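One chain, chain A, links the two complexes that follow: it is found with chain B in the first and with chain C in the second.
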Partner chain A sequence: MDTVIEFKNVTYSYPLTDVPAIKDMSFAIERGKFYGVIGENGAGKTTLCALIRGFAPSFYQGTLQGQVLVEGKPTTDFGPGELSLKIGYVFQNPFNQISGVKDTLFEEVAFGLENFGVPVDEIERRVTEVMKLTDIWQLAEKNPFELSGGQQQRVALASIIVLKPDILVIDEPTSQLDPEGTEKVFKIIEMLKAEKKTIILVEHKVDLIAEYADEVMVLRNGKLIRFGDKQEVLSDMSLLDEGVQLPQMAILGNKLRQAGVPLDTIPVTEAQADEVIGRAMQKGRA
Partner chain B sequence: MWREKLELHKSNRIAALYPSCKFLVVVLYSVCSLLLGSIGVGEGQYSLYLIPWFLVVPALCVASGIGPRFWKAIQKVIFIAALILVVQALLIPSEKIVWQLGFLKVYESGLRSGINLSFSVMNIAGIFVWMFQTTENREIARALENSGMNYKVTYVFISTLQMIDVLGKNSRTIMNAQRARGVETEGNLIVCAKAFFPSLVPLILGAITNTEERVLTLESKGFDVQCEKTHLFNLERSGHEKVVDVIAIAVTVAVVVWRVVLWIL
Partner chain C sequence: MAYIQIKDASYAYPGGFLAVDDINIEIEKGENVAIVGQNGAGKTTTVKMLNALQRPTKGEVLIGEMNTKDHTTAQVSRVVGYVFQNPDDQIFHATVIGEVEFGPKTLGLSDEQIKKQVDYALKITGMAKFRDENPYNLPLSVRKFVTIAAIIAMDTEVMIFDEPTAGQDLEGNRRLGQILKTLRERGKTLITISHDMEFVCENFDRVIVMADKKVVASGTPRDIFWNFDVLEKARLKQPYVSRLCRALGLDGELLYMDEAVQAIREKCLG
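Up next, the complex of A and B:
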């Protein structure tokens, strides 16, 4: 197992509070996998992301117990900017991710590369490639502030992808987007998954997590209450009692089972539901 | 190459001047305005030289090819200047009354102060309008960095300029939200003030909250990394900067000498 991020008994509290936002958390993230993070508001999802990226405690201050390791090295030992090339971070609010100093989208996406002193020819090549990949090339000459929320979020993703980080932490990227914007953002995430990037995605839309993630982490009150294969975690109906939302297909599957339909497994995605219900119907006919 | 689109090719020689050259013109023009404002003309000692001096600004703007844009931007300044002139002329009393219509009296000292203040405002604001209408933010940013200013200071300066627009939009959104809740936002000055001041709280708090995420975004994009930065946009000198510098300095010296001579005499 190629571990890329590891939490060792991590407990973290923000300044001026005694209540930890993350409580005694231990887990390992494997390189090249897609992890979905779910949990109700205040469960500690954003704090978890901030810890992975090293914003906590370096920016937020606060108290950190235990260790957060990125490629075996504690995040607190990384120098300024060092983690930016390893871990890309996309925030919830697309508007706040615009640098505010660039007049065109092309320059906005190139901003990070300029900061790292990448040669101009390479900047141009990489920015063009990423803008085409994220379907914003046609907007290259537009002012970043003139875009819609969905377009701005794709710009935020492009601005981070262009830095070619191996790990991506994406915190609720679709919370302010319409279904069309959400779909476009997930198309990009799917492409990143195909490139074998390690992705940690916080998302309230569990159906999308069920569709794309390999593994799921469930947080509640700062604790990691479930962690494992998405099928195993998202078909666990006991999570409903803990206030965790489950995919529509899993709930439907469970209800069918309770009604006596002989499902061999609880489906978590639409495609899986198609197969499982089909098999059950064939069994019924036989 | 896409970056060729980012290059600026201004055909107008004045508009194409390097930002630091334009800034020198702005500073020296403002100094001249203040000096000319201190020269009193005629019995009333009015600062009348400021009036023809102001013609330099529209002339410069027309020559720079930004006549219509300048007119649009200067209208508000003219309104404020006119307001200052009227208020000062009517409210600063003196023994000598220049003009009277019923209870309205234009006092000599009020008119003197009004002309000085309003035309100083128009001259100084006007020359800044010329500079900002002929110079893009990215030109200012590059010029500042080329002059050796820290890129972080440049960032603060440019993002502040951009944020003025953004805060304006946010302010309108908050006002619309208040209107939707039934708060009166239109009417006389008191009604407007009652609606405006409470809207400042969410506006400022929102801006502060957003700052945190903005800082972290910059960190994510390697803003803090200590290395030689690359620039997609490069600023070139038009080649006429020295001539303009010499003219601006010569005019300023002439005005200074004139002012000193008048003091001595």
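Up next, the complex of A and C:
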């Protein structure tokens, strides 16, 4: 296994608190896979992201026990800015990400590349391409602060994927998007995965996690309570009692079983539900 | 005559950008209505016209006897409460209690009545335990409940919730459903914008669909989510359960989990 990120007995507390936000967490992330992070609000999902990116403890301070390793090296040993080349981080609140020093959206999306010293013609090409991909090209001349919440979320995502980092940590990128916009973000992430990027996505829309992610991490009260193949994790009905939403199809599958319908597996996606339930209906007819 | 009437109303922002184009909406007293549609469809502009944060640039908006063009925003907001999409656009106090008390204190009520309304709002939103907390120490999804409490504490006749489901977890969505139900039982008129179609089906009697600055349909969740013309216009999909039932070829325009279970069970077990 090509491990790209590893947590070794990580416990982390923010400054001025007694309660750790992350408690004794150990796991390994494999290169090129798409991980969905789910769990109730306050479970530690955003803190997990901040630890991977090194913002905790370098920016937020606080106390870190154990080790967070990125490509085998503790995040605390990376120089300032060094991790930003490897890991792209899309903030939960896009407002926290917008630089505030650029007058147009085009310049905003180009900001990171400028800092990396990329040649101007390459910046123009890459920014144009990414803005078209994320459906914000028509807003190129606008001021970043004149945008709606949904538009700002798209800008935050565009500003990061334009940098082409190997690892992407994306914190609830679709909370203010309509269903079509949300689906589009998942398609973009799918495309990034095809480019062998490692993706860690925090998201409440668990039906889409079921469809697109490879593995699922479930957090509760700062602990990693489930970690594994999406099929296995998302068909575990006991998670509903732990405040974790499960896919509609899994809930339906479980109810069908309870009603006496024999299903070979509990489906987690629509396509799977269509197949598994379709099979049971065929048998019923026979 | 309906309690709330939006009549041939349009709204153009200063500078000319047209956000809502000649819409008509009627809502009865005590109705519980959802508004759905894409980002930019005009949903927020429409509801802001209801509490006079914005006034129609053409047409009119009536709340009961009151035409919003003849009243100040302060007057209208005694009747119509609006919970902002972004809680940070609304919050300006250093404590939860300060934020929630602010509205009722402007209404000229007795101290006792203010306390009663504030306690009630904190209780049904689950915010009582955060009373003395700074709202900015709470996660965004919880901060949203602070802003909901601030409006409930004013006890307005009409309450508008702009995307309360955004970023909510399972428990947050359940709590929102419970709040809507409780307010409904108290006879409030409720209008909620949401992108969560499952939540819309579970919690509303009527759905108004907006697309491209216009109202394109209004009806029960079943009318709306089995009307493919409307869904196509508004770039919406059916809820997951309906999509599956359709793929499986089940009749009956099914919408809810229990209906689907029953229909599938009949096909499998007879």
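In this text, the second predicted complex is superposed on the first by the 284 of 286 C-alpha atoms of A that agree within 3 Å, B and C clash if a C-alpha of one lies under 4 Å from a C-alpha of the other, contacts with A are read in each partner's own complex, and residues count from 1 in each chain.
Throughout what follows, contacts are C-beta pairs under 8 Å (C-beta built on N, C-alpha and C of every residue); 3 or more make two chains touch, one makes a residue touch a chain.
Note that this is a predicted model, so its numbers are computed, not measured.
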*Could you say whether A:191 touches chain B, chain C, both of them, or neither, answering first, second, both or neither?*
neither
*Check whether A:107 is in contact with chain B, with chain C, with both or with neither, and answer first, second, both or neither.*
first
*In the superposed arrangement, which partner chain does A:85 touch: chain B (first), chain C (second), both, or neither?*
first
*After lining up the shared chain so the two structures overlap, which partner does A:159 touch, if you call chain B first and chain C second: first, second, both or neither?*
first
*asked:* Contacts for A:123 in the overlay, against chain B (first) and chain C (second): which applies, first, second, both or neither?
replied: first
*Determine, under the contact definition given at the top, whether A:59 touches first (chain B), second (chain C), both, or neither.*
first
*Touching A:178, do we find chain B (first), chain C (second), both, or neither?*
second
*asked:* Can you give me the overlap between the chain B contact set and the chain C contact set on chain A?
replied: 93, 95
*Over in the complex, which chain A residues touch chain C? Could you list them?*
39-42, 92-93, 95, 148-151, 172, 175-182, 204, 207, 240, 243-245, 247-249, 251-252, 255-256, 259-262, 270, 273-274, 277-278, 280-281, 283-285
*Across the complex, what residues on chain B touch chain A?*
1-3, 5-6, 136-138, 141, 155, 158-159, 162-163, 165-166, 210, 213-233
*asked:* Quick check: in the complex, which residue numbers of chain C touch chain A?
replied: 37-40, 85-86, 88, 139-142, 163, 166-173, 195, 197-198, 235-237, 239-241, 243-244, 247-248, 257-258, 260-262, 264-265, 267-270
*chain B contact footprint on chain A (complex, rising order)*: 53, 55, 59, 80-81, 84-85, 88-89, 91, 93, 95-97, 99-104, 106-107, 110-120, 123-124, 127-128, 140-141, 145, 156, 159-160, 163
